[in-house]
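Shared between the two complexes below is chain A, which pairs with chain B and chain C, respectively.
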Partner chain A sequence: MSVIDRSVDIGGFVPQPDDDMLICRCEEITKGEIRKAVHAGMWTMTEIRRYLRTGMGLCQGQTCSRLVKGIVARELGVSPAELEPATARSPMRPTEMKVLGKEVS
Partner chain B sequence: MDRYEVIVVGAGPSGLSAAIEAAKRGLNVIVFDENDKPGGQLFKQIHKFFGSKEHHAKIRGFHIGEELLAEAAEVGVEVVLGATVIGLYSDKEVSVRIGEEIKHYKGDTVIVATGAAENMVTFPGWTLPGVIGAGAAQTMMNIHGIQPGKKILMLGSGNVGLVVSFQLLQAGCEVVALVDAAPKIGGYGVHAAKVARCGVPFYLSHTIKEAHGTDQLTGVTINEVDEKFRPIEGTEKYFEVDTICMAVGLSPMSQLLKMAGCEMEDNPKRGGQVPIVDEYGETSVSGVFAAGDVSGIEEASSAMIEGKMAGVCVCGYLGYITDEEKDAELLKLEKDLESLRQGMFAPKNRGKLIEKTEEGIDISMNLLKKGYVADDEIERFPGVVHKVGVHPVMECTQNIPCNPCQDACSKGCISIGNNITCLPFIKEDSNCINCGMCVASCSGQAIFLVDEDCGDGTATVTLPYEFLPLPEVGDKGYGLSRNGEKICDAEIVSVKSVKAFDHTNLVTMKVPKEYAMKARFFKCS
Partner chain C sequence: MENKNKADVVVVGGGIIGCATAYYLSKRGKSVIVLEASENIGNGGSSRNGGGVRQSGRDPRELPLAMYGIKELWPELSKELGVDCEYHKDGNLRLGKNEKHKEILQGLTDRAVACGLDVRMIDADEIKEINPYLSDEVTCASWCPTDGHANPMVTTLAFYKKAREQGVRFITGEKVTRLRKIKGKLREVYTEENLYEGDYVVVAAGYESREILETVGVDVPMHQELCECLVTEAEPHMFDQMLGTAEADFYGHQSDHGSFVFGGMSGLELNNKNTGPKNSPSNASITSPCICRGIMKYFPALANAKIVRTWAGYLDICQDGVPVLGFVNEVPGLVVACAFSGHGFGIAPAVGEQLARLIIDGATTVDISGLRYGRFKAKI
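Coming up: the complex of A and B.
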């Protein structure tokens, strides 16, 4: 498990020309929103996910989780490999509540 | 809750291989797959596989899938389709969505063979309809019989990008460019060469700057990048396209293993988040195994062997075979796997620039940059020789583990030498009978039968042809060079399609004799 040193100064948010580019398509989260979230103190993938809902839509992060991780890592100045991915938990695939509630054994 | 000795998640090449190994030794095995059809990615693979006989070489991927399914059925593997595993827990309990219900199963062992998902890269416009994964394009073409688009730009020159580009051409699409930010082509040179000879231009050290369009993709601008992948201004090139395919790598779908509490690592060499496994795929959770792409991106041939290893291991784990039997089986499988992991493209060589073949011959730099071996480079390779009469010319220039050509020739003309990765050469005093088996057997479509001098100022070149409509004898057109340029007039003198060629047709064209070693494809006028 990687440790995030929150005493490091990562500087302020600097706008970039492609900040309006969608990264998480399911939840419609842009690159700028993700970068701003880092500057708002969301330094782990779990925090980012709870704060913005990236990767919590229909595809469950299949497309964007790698992209989001890359953006957060770049903003923090670390390698993406150093960031712990968000928690994996059931249900692994989007599942309607009525199905989830219908357990049979 | 139903209990099984082995629960396999994923009915792709590795999952099915694992299930077969376990079931044939008497274990009760259930396989879950979220798709409606089993076989994973194999049923999209219409090209012939590389390797040796043990690796199903020269057999098309979907046929390998059919063989696996038949074998699984024969040994009593229960495959449940439309079954999405939504949870895996450390006590080897599995929750599965089947239809409108959640069912729970308990496994004595669990083999996770969930494969991988496609990566994407972002650029302005990447969310426009028309920007798709190469895998999606493959699904549309090879499963559903639909063209993904008419004019396509492929991003990524790994084997996926190259193979899918060729399949797009086969499906009648126009591939306007093959683009990669890397300075050299990532996949097999032979795959690149068969795309290049159809006239597809390669843009290495280029990336997508922007995709254009409002409601759908209408065009794309690429630009050159420097060695640090920074765009170089003034190098923009525009292409009118309706589709961009991305073949920019795969990420293991390993979340179930993480959920089960397996120790994980982020390993860029394996493609991302992967479980830490021993050499046979057992994770840190005893009795939970990982096999195939989920434990590190490779390809279907190695995934099948890894699956077999996991299958053998669970038999040992549950006491169905002795340690000696297990070790003997694993030793054999390890040898098969090791032979696949040889050569220039072996996992250990990933990212390295290899400048010489194992034989000490300079690698074609033109092949790495432009997708084809230049005329002044081709003569240095051992498969390219000059003889009187018809003889094979093997434009195999990189060390990859593959040997069907050697077995294909009943006259023993072709040899690979001691090592499966060696470049093929023509044996001295060999007698080619023009049967064409070598041409059809080469998964890289790199073998041609050439008669350099027919005596009347012409030469004949027999080439592998996997397009429709097939040319007919008497058709006139052009001989194309290795980069797809029209270089001479050509006339079709023979078209052979026999069952043993497995849909690789042999088309023979007559060209002026000075083009015998240059013309490598045919285009009707």
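Coming up: the complex of A and C.
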């Protein structure tokens, strides 16, 4: 893990023509919202997810996480490989409360 | 050459307590550096709790902070920080089903009333009026209409965002290894690679505060417990109250998003195994099913709601169950803010605002004397 000063200047937010493109379909988050969040200081996949809800919906980011990572990396001027993915969480597939709660008889 | 790692205040810990303290200090013109060990802001309990903003059920020693925050800070917080923190002040129901539960709830209610809180016991009919989705087995509850909930992850990041806009320097991946006094006053903060200096040092690093504080001879008696949260898919809107039960089977609420966020325990928290990486603890397999059973006991209507995600986090539980807050006589320049014992989120704005007053004005306006470090004494 590297030491990162969050005050380093990454430049301002510059609007792009495709900013209204939906990236996270489950939670309906656009490219522009993700790019703005980076400029608000959300520099990790985990912070983006907690701030915007990207990857927090039914598919749990299985569709959009690579796309989000690419957008965040470009905005920060780093390689996507430098960004840690957000942690995957059980139960991996949506599971009814009555099923999950039944692990004992 | 001037050390560029110098500020009026160095805050150790980028959770909601550290972020809120940095925000209120910078709002009053102080320069602040926040050092966070993990790569994410708000990576500990700040993003691993049920979002309760409540006063009922709280210890009389921390109740003044809880009441102050709800009266003075939470109502305008989203506007002030420029981010919707999803704050709701729609009351807290603490539910019970039998005489034993009623006794527990009555005890909590009596203690809170003695502190001037508007909380009372209500019967089954009134409970149904407030929340018609509850099981018919619920026969009693304590009701505090000024309690509520908010989104803990967004609120933490909102404090961070606004503090950063106000010029606070946040540095992540920067693990503090020791503190050092200069001429009898705390001044230097060492990390693995760097040295930071401040006129004051706030230590708000959750359980990890303990080993940091030990380097200046301060030992906060606390331990860790691994607790869990879960969230359902979005459901049609049902209710806006915060919920809990007499026996703490679960706690939680329905978020603005529509999902239900619940937290709870299995009873084995002292020894739960963390199956995830150290910086992002993972679940014990028995806990979320236990929380589900607890919820269904009170909310049979939610049995078909789908759980989409579960996550875990450590509580920093103090020996006597309330935080350690404020100056420490033995170490001038040190401000301690840890051992929140699972009560940190709701009081975080009040803690941050009052610690800013303590550092700038020399005193808080809310009585935090019951939370001082010096309170721990051997029994004989």
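Rule of thumb we're sticking to: the second predicted complex is superposed on the first by the 97 of 105 C-alpha atoms of A that agree within 3 Å, B and C clash if a C-alpha of one lies under 4 Å from a C-alpha of the other, contacts with A are read in each partner's own complex, and residues count from 1 in each chain.
The working rule: a contact is a pair of C-beta atoms (placed from the backbone, for glycine too) under 8 Å apart; a residue touches a chain by one contact, two chains touch by 3 or more.
Computed from a prediction, not measured in an experiment: that's the story for all the values here.
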Task: Check whether A:R50 is in contact with chain B, with chain C, with both or with neither, and answer first, second, both or neither.
output: second
Field: chain B versus chain C as contact partner of A:P91, first or second or both or neither
entry: both
- prompt: In the superposed arrangement, which partner chain does A:S7 touch: chain B (first), chain C (second), both, or neither?
  reply: second
- prompt: First (chain B), second (chain C), both or neither: which does A:M21 touch?
  reply: first
Touching partner for A:L58 - first (chain B), second (chain C), both, neither: second
Message: On the A-aligned overlay, A:L100 touches which partner chain: chain B = first, chain C = second, or both, or neither?
response: both
Task: Considering only the touch criterion stated at the top, classify A:L67 as touching first (chain B), second (chain C), both, or neither.
output: first
Task: Pick one for A:A40: touches chain B only (first), chain C only (second), both, or neither.
output: second
Query: Do any residues of chain A touch both chain B and chain C, and if so, which are they?
result: 87, 89-91, 95, 98, 100, 102-104
- request: Spell out the residues on chain B that touch chain A in their complex, using ranges where they run on.
  value: 1, 34, 84-87, 95, 97, 100-104, 117, 119-120, 122, 124, 126-127, 251, 253, 255-256, 258-259, 264, 266-268, 272-273
Message: So in the complex, the part of chain A that touches chain B is made up of which residues?
response: 18, 21-23, 25, 31, 62-64, 66-67, 80-83, 85, 87-93, 95, 98-100, 102-105
- request: Sort out for me which residues of chain A touch chain C in the complex.
  value: 1-7, 40-44, 46-47, 50-51, 53, 56-58, 60, 84, 87, 89-91, 94-98, 100-104
Message: Which residues of chain C touch chain A once you look at their complex with the stated criterion?
response: 38-43, 47, 153-154, 156-157, 160-161, 164, 169-174, 191, 193-194, 232-233, 257, 276-277, 280, 282-283, 285-286, 288-290, 292-293, 295-296, 302-311
